[in-house]
Amino acid sequence: MVERAAFVGGCDGVAAVASARLIGEQPSGTIPHALILIMGDTVEATRAFDEVIEKTVPRVALIDTFNDEKFEAVRVAESLGAGLYGVRLDTPSSRRGNFKAILQEVRWELDLRGFSHVKLFVSGGLSISDVLELTDAVDAFGVGTGISSAASLDFSMDIVEIEGRPVAKRGKQSGRKSVLRCRGCMQDHVVPFGAGKACSCPGEPVERLVEVLRSGSLVSAPPAPKQVRARCLEELAEPGNNTPITELLGI
Amino acid sequence: MVERAAFVGGCDGVAAVASARLIGEQPSGTIPHALILIMGDTVEATRAFDEVIEKTVPRVALIDTFNDEKFEAVRVAESLGAGLYGVRLDTPSSRRGNFKAILQEVRWELDLRGFSHVKLFVSGGLSISDVLELTDAVDAFGVGTGISSAASLDFSMDIVEIEGRPVAKRGKQSGRKSVLRCRGCMQDHVVPFGAGKACSCPGEPVERLVEVLRSGSLVSAPPAPKQVRARCLEELAEPGNNTPITELLGI
Amino acid sequence: MVERAAFVGGCDGVAAVASARLIGEQPSGTIPHALILIMGDTVEATRAFDEVIEKTVPRVALIDTFNDEKFEAVRVAESLGAGLYGVRLDTPSSRRGNFKAILQEVRWELDLRGFSHVKLFVSGGLSISDVLELTDAVDAFGVGTGISSAASLDFSMDIVEIEGRPVAKRGKQSGRKSVLRCRGCMQDHVVPFGAGKACSCPGEPVERLVEVLRSGSLVSAPPAPKQVRARCLEELAEPGNNTPITELLGI
Amino acid sequence: MVERAAFVGGCDGVAAVASARLIGEQPSGTIPHALILIMGDTVEATRAFDEVIEKTVPRVALIDTFNDEKFEAVRVAESLGAGLYGVRLDTPSSRRGNFKAILQEVRWELDLRGFSHVKLFVSGGLSISDVLELTDAVDAFGVGTGISSAASLDFSMDIVEIEGRPVAKRGKQSGRKSVLRCRGCMQDHVVPFGAGKACSCPGEPVERLVEVLRSGSLVSAPPAPKQVRARCLEELAEPGNNTPITELLGI
Amino acid sequence: MVERAAFVGGCDGVAAVASARLIGEQPSGTIPHALILIMGDTVEATRAFDEVIEKTVPRVALIDTFNDEKFEAVRVAESLGAGLYGVRLDTPSSRRGNFKAILQEVRWELDLRGFSHVKLFVSGGLSISDVLELTDAVDAFGVGTGISSAASLDFSMDIVEIEGRPVAKRGKQSGRKSVLRCRGCMQDHVVPFGAGKACSCPGEPVERLVEVLRSGSLVSAPPAPKQVRARCLEELAEPGNNTPITELLGI
Amino acid sequence: MVERAAFVGGCDGVAAVASARLIGEQPSGTIPHALILIMGDTVEATRAFDEVIEKTVPRVALIDTFNDEKFEAVRVAESLGAGLYGVRLDTPSSRRGNFKAILQEVRWELDLRGFSHVKLFVSGGLSISDVLELTDAVDAFGVGTGISSAASLDFSMDIVEIEGRPVAKRGKQSGRKSVLRCRGCMQDHVVPFGAGKACSCPGEPVERLVEVLRSGSLVSAPPAPKQVRARCLEELAEPGNNTPITELLGI
């Protein structure tokens, strides 16, 4: 469920093999620390990977295992050259005084030696604020825990009308309702059912409620994760959606 | 998964029928607002429930639908008398200026009229702090959202030893390890594997790590939720566990 | 004194009979809880009031005594119909989780059933911030404690000139003075007496100091409360007075 | 009313002549700045006062008008000697960087020259915190504004019982009540009327409610301010009253 | 060193005779308290100074020794008249509740009597914030402690290139560098040595690094303090330097 | 002056050669980064140092230049064995997320392999709080900037007595004084000169003021830095000096 929600919400892919299968996508990821620990050297492990793995998989070296990222990045880039797609820094938190400075230092040393095509991947306990802070210096993020426990969305099922008569418990507004989105200002309005218009602006109202269940059965099959994701990205890109990301995330 | 975790962590029961079946327990709950809304009166709905439902189910009236809890509690108690087991307040948040004051007022009115056997049940968007604040005035809590999204516990699987030689990536301590709990001071100590003692106090050390997987297979079947719950409650009751609950919960 | 100050500062009326007489105004108010408690029902009490009281007094039902405001508002409106002028919510603070939401819910239920002419009156421990927050949803406020202990205005009487010679204790500016209000920028300036102008803008200065006592006797009779109130409202409406109300109130 | 409340609450006396008459006490105070401004010198003014005023009035020089308190204190003490009862510092706030340091400096200079019998009086815009901070260095305080606008005590008159039947609006506890003060722990308990005991400690309960009105008439004449003051001081001195003063004052 | 740094950073002069000699400037200052304490009166001491000291030295009276600044300022101005250049307030902190109010009061009294030519000098434990707050009311400041312990500027000497090959320890960017200031936006950019341009705006880049040492010897004699000060003031006045002073000072 | 003050205040030694000469001490320090950068490897540079430098100098390897401290510490310890006195971590701040964790990790790896005799030295932009936080995990600190700009101690020279008559400006206590330290409670008391006792406890008072200048000449030669340092450490160790260090440092 966690991987499905992350993918549906806009992530590019998921790493767990079983999760990827369940949502109908190819899993993606990079070399694990285990390979480097067992082979004993970052460059050797990356060359072994390069030798064995099919050529369609981009070569991303994991450069934080034994040595400092700055020197490993240069070593691995000098060894693989144009074939190196990116480097991944999973820098442990105890070595991360100013992660952005480390990333800019790696970028400087790679660029100074002609490797500006090498992308920077970052992972390891990243929070939303980390991503917002580092995004200028980084080409891709690998996020796990930080995305895995979103706050619950509270909702309840309530009776608001009985055989045409509006009725609701204290604290709930009675009567059947429409949720109209105004195409002009992109605001949603809750109005008595059948009220054709709720907005003072000239935009056209669109009913947002759709029938999902009828007499206890699904009206149609639920969409695939890929489709939900596409719709989510579409809605985020709608011109009326100009809330700053920090506000959406509540930070 | 949410219901399982809540039960395992010490909750007395769960309300969703499917969840209860999956963890091998009987579901439990009270009258819904729907019954009262359809019958139109709290006392009538409670009497109908009392007439029809088997006698082993305790009678708990839901008293926040139409009228103020203070008067409904008295009405329903005067109607059912000794047969009333408890009243449940699902008071909407817009009416909850000082929920403890409302509960104490209901308690006062019930006691003044001789219904001190009637228990108070509370539900509706309760947070941990609400429970801690109200616990003196309440006999049972119904909690949903507030318990359904605990913070993720961050962990990772790391290679720390290869064929007897300690090795670990930067930021991890190398070598196989023991986690010893001292029976004297109830502290846990991470020590090199085989170190028999880690504590300066005279307590006896107990190894806390157990083998779960061997060559990829489970060593034994996992315990039932009921057993995990029992062990969890046992550990919370251990004499050394005197951390205040607010600290355990990080609030 | 409290009622006089409230009236002079802009309140529409006062409820205490003796206070109203002292400031030369008619007292005003609504049905008390006592009547409803004694008759035992809000609708019955309101109908009795409607039957007995002269028709010039607007019918304002007090709807928070026994039941939830949402259902009582609908009941009393359906009983009195067009004759109902308003409803008053003296909702106890323990039931006031989100008072604005309660008011909007009452408004929704009244409007949904065709009673949009019924006004909402609010009372009960209201502070200045409550009034500022609720003002969009409310037609009139009844305020007591919140308005009854304004901060003291500190002032002192000092000798600043003796027979034409400027003299003052440490911490006081010596010499007779004028307080000039500039009609251009509406600022007040303290200047040596007789200085005709104090402001760099082209506005005309007006002396604000008036003689009140001469040789220990009042120069003229003090104005009636109604007159002081009129002048206070006039000054608040002056175009230069654009300080936000929150700043005037020091909140 | 302000002076009456201050006196009743424990102040030693009041300065306004009319107020003192209304509460049946002698007014008290010191030389005003006006005398010193008119005579032009602190020592001269104090000597004139000493010459003219009856001997029963203690000689308290006001030493902040023209010069620094440190030098004026020494000058006036050297001039009046044993006859000087005290000096009063009404130091303007613009000169009061560290008022305690000024007071200690005046004390040092007076003591160094043998005037340790001269008392220090302090006045001028003193707040409660000022009094708490300066109290070690000062013999008496003159307070005006800081004591003149205490927060209102909120109360209301409610019907809680009608012909023996408990009844009350939402938010109020119904039924006639006793307020019992336990002589053991000095706590007050609100209990149903006639409940003889409310406290788990072995202390004896004392009813705190007394009848003031019967059928609209006062049962007995109200006590004189002097008597109310005496009772207030007595209650503050009761052994159970060990709440710190800062908490009583809400600061 | 302290006086040199203060002068170089823009101060108009220094008071210590030895320091002034070392930086090649004339020392400057005012009458000390010692003179007034010994002569026993501010006006007498100022007149004595006026009689003896060469006429090129401006007459600045020190007016806080014995009496309140307000009265001393008037006394000394009436005694010296047009010959008085300024008054200095070294008001002790215990008398400095609202220093700006004291200064405005002195200004008012001097102006009221025709001494608007007399300047106000201020000294005594002034912090940066004091200077920013008082600057409208003051003609000159005498600052000691507040300017004598600026935060250290952290720097280190690092090898970044060895015989043309870029090399640097972890945390440092390798390779010889230029620091280019863009004449368009006045920003400084650190770029690889020889990179002619670093800025996206059309401004012309200027190299900021200059050779100071060659083979261990100074390339040219260091500039005099007066020259460093001139350049410092020039840079502060550059049009691109529009950072608010509070930000520059880190307050 | 900075090095002198640091040494006098209790530091064990100073690194700058010229400073050490001026205070009459031997300079002390470790291998610089320059040597490792030029030789290209930490172990090689440390072995070269070990080969060339006299045996009385302890061998302290600098382990943060190229690789991660954890692996460099093990490499250098395995190469020098018992001859290695300590390792120094000058870890750059961008790699210092949790410096204590890095130090504990280095300690764990060294101990696991039998090098518990190797000491940990730490340097690089350390503040007082860093030292207090790391002190359990570290054997010696190298501090520069953090100790080089202590807050100025404010003092002034004032006339307080003229030919036996006490006189002082406003804000200063007049008269010659003694500073008595009570041997009982170790408090210092400022008292009029000749007052033999100032303390209510039975401790014996000791005069703390000593004559330094007589008629403008030094009474005796000032003590050597070593002697001042000894006295400073002695005073810190006095039984009465139990102020916590955080309070002494004002943090």
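Chains here go by letter, A, B, C, D, E and F, matching the order in which they are written, and residues are numbered from 1 within each.
One rule holds in what follows: contacts are C-beta pairs under 8 Å (C-beta built on N, C-alpha and C of every residue); 3 or more make two chains touch, one makes a residue touch a chain.
Model, not experiment: these values are computed from the prediction.
Engineer: Which chain pair is joined by more contacting C-beta pairs, C-E or C-D?
Structural biologist: Between the two chain pairs, C-D has more contacting C-beta pairs.
Engineer: Taking B-C as the reference interface, which entry in D-E, E-F or C-D shares over half of its contact pairs by residue number?
Structural biologist: Of the listed pairs D-E, E-F or C-D, the one copying the B-C interface is D-E.
Engineer: What's the distance between the Cα centroids of chain B and chain E, rounded to whole Å?
Structural biologist: Chain centroid spacing, chain B to chain E, equals 65 Å.
Engineer: In angstrom, rounded to a whole number, how far apart do the mean CA points of chain B and chain F lie?
Structural biologist: 54
Engineer: Measuring centre to centre with CA averages, how many angstrom lie between chain A and chain B?
Structural biologist: Once rounded, the distance between the two centres reads 32 Å.
Engineer: Which chain F residues reach two or more other chains?
Structural biologist: 66, 68, 71, 92-95, 101, 105, 170-172
Engineer: If every chain is a node and each touching pair gets an edge, what shape is that graph: line, ring, star, complete or other?
Structural biologist: Shape of the chain contacts: other, as it matches none of the listed patterns.
Engineer: Please give the residue numbers of chain E that touch chain D in the complex, ascending.
Structural biologist: Within the complex, chain E touches chain D at residues 66-68, 71, 92-99, 101-102, 105.
Engineer: Which positions of chain F touch chain D when the two form their complex?
Structural biologist: Residues of chain F touching chain D: 166, 170-175, 192.
Engineer: Could you list, by residue number, the parts of chain F that touch chain B in their complex?
Structural biologist: 68, 70-71, 101, 105, 108-109, 112-113
Engineer: Please name which positions on chain A make contact with chain B in the complex.
Structural biologist: Of all residues in chain A, those touching chain B are 33-34, 36-38, 64-66, 92-95, 125, 145, 148-152, 154, 158-159, 162, 167-172.
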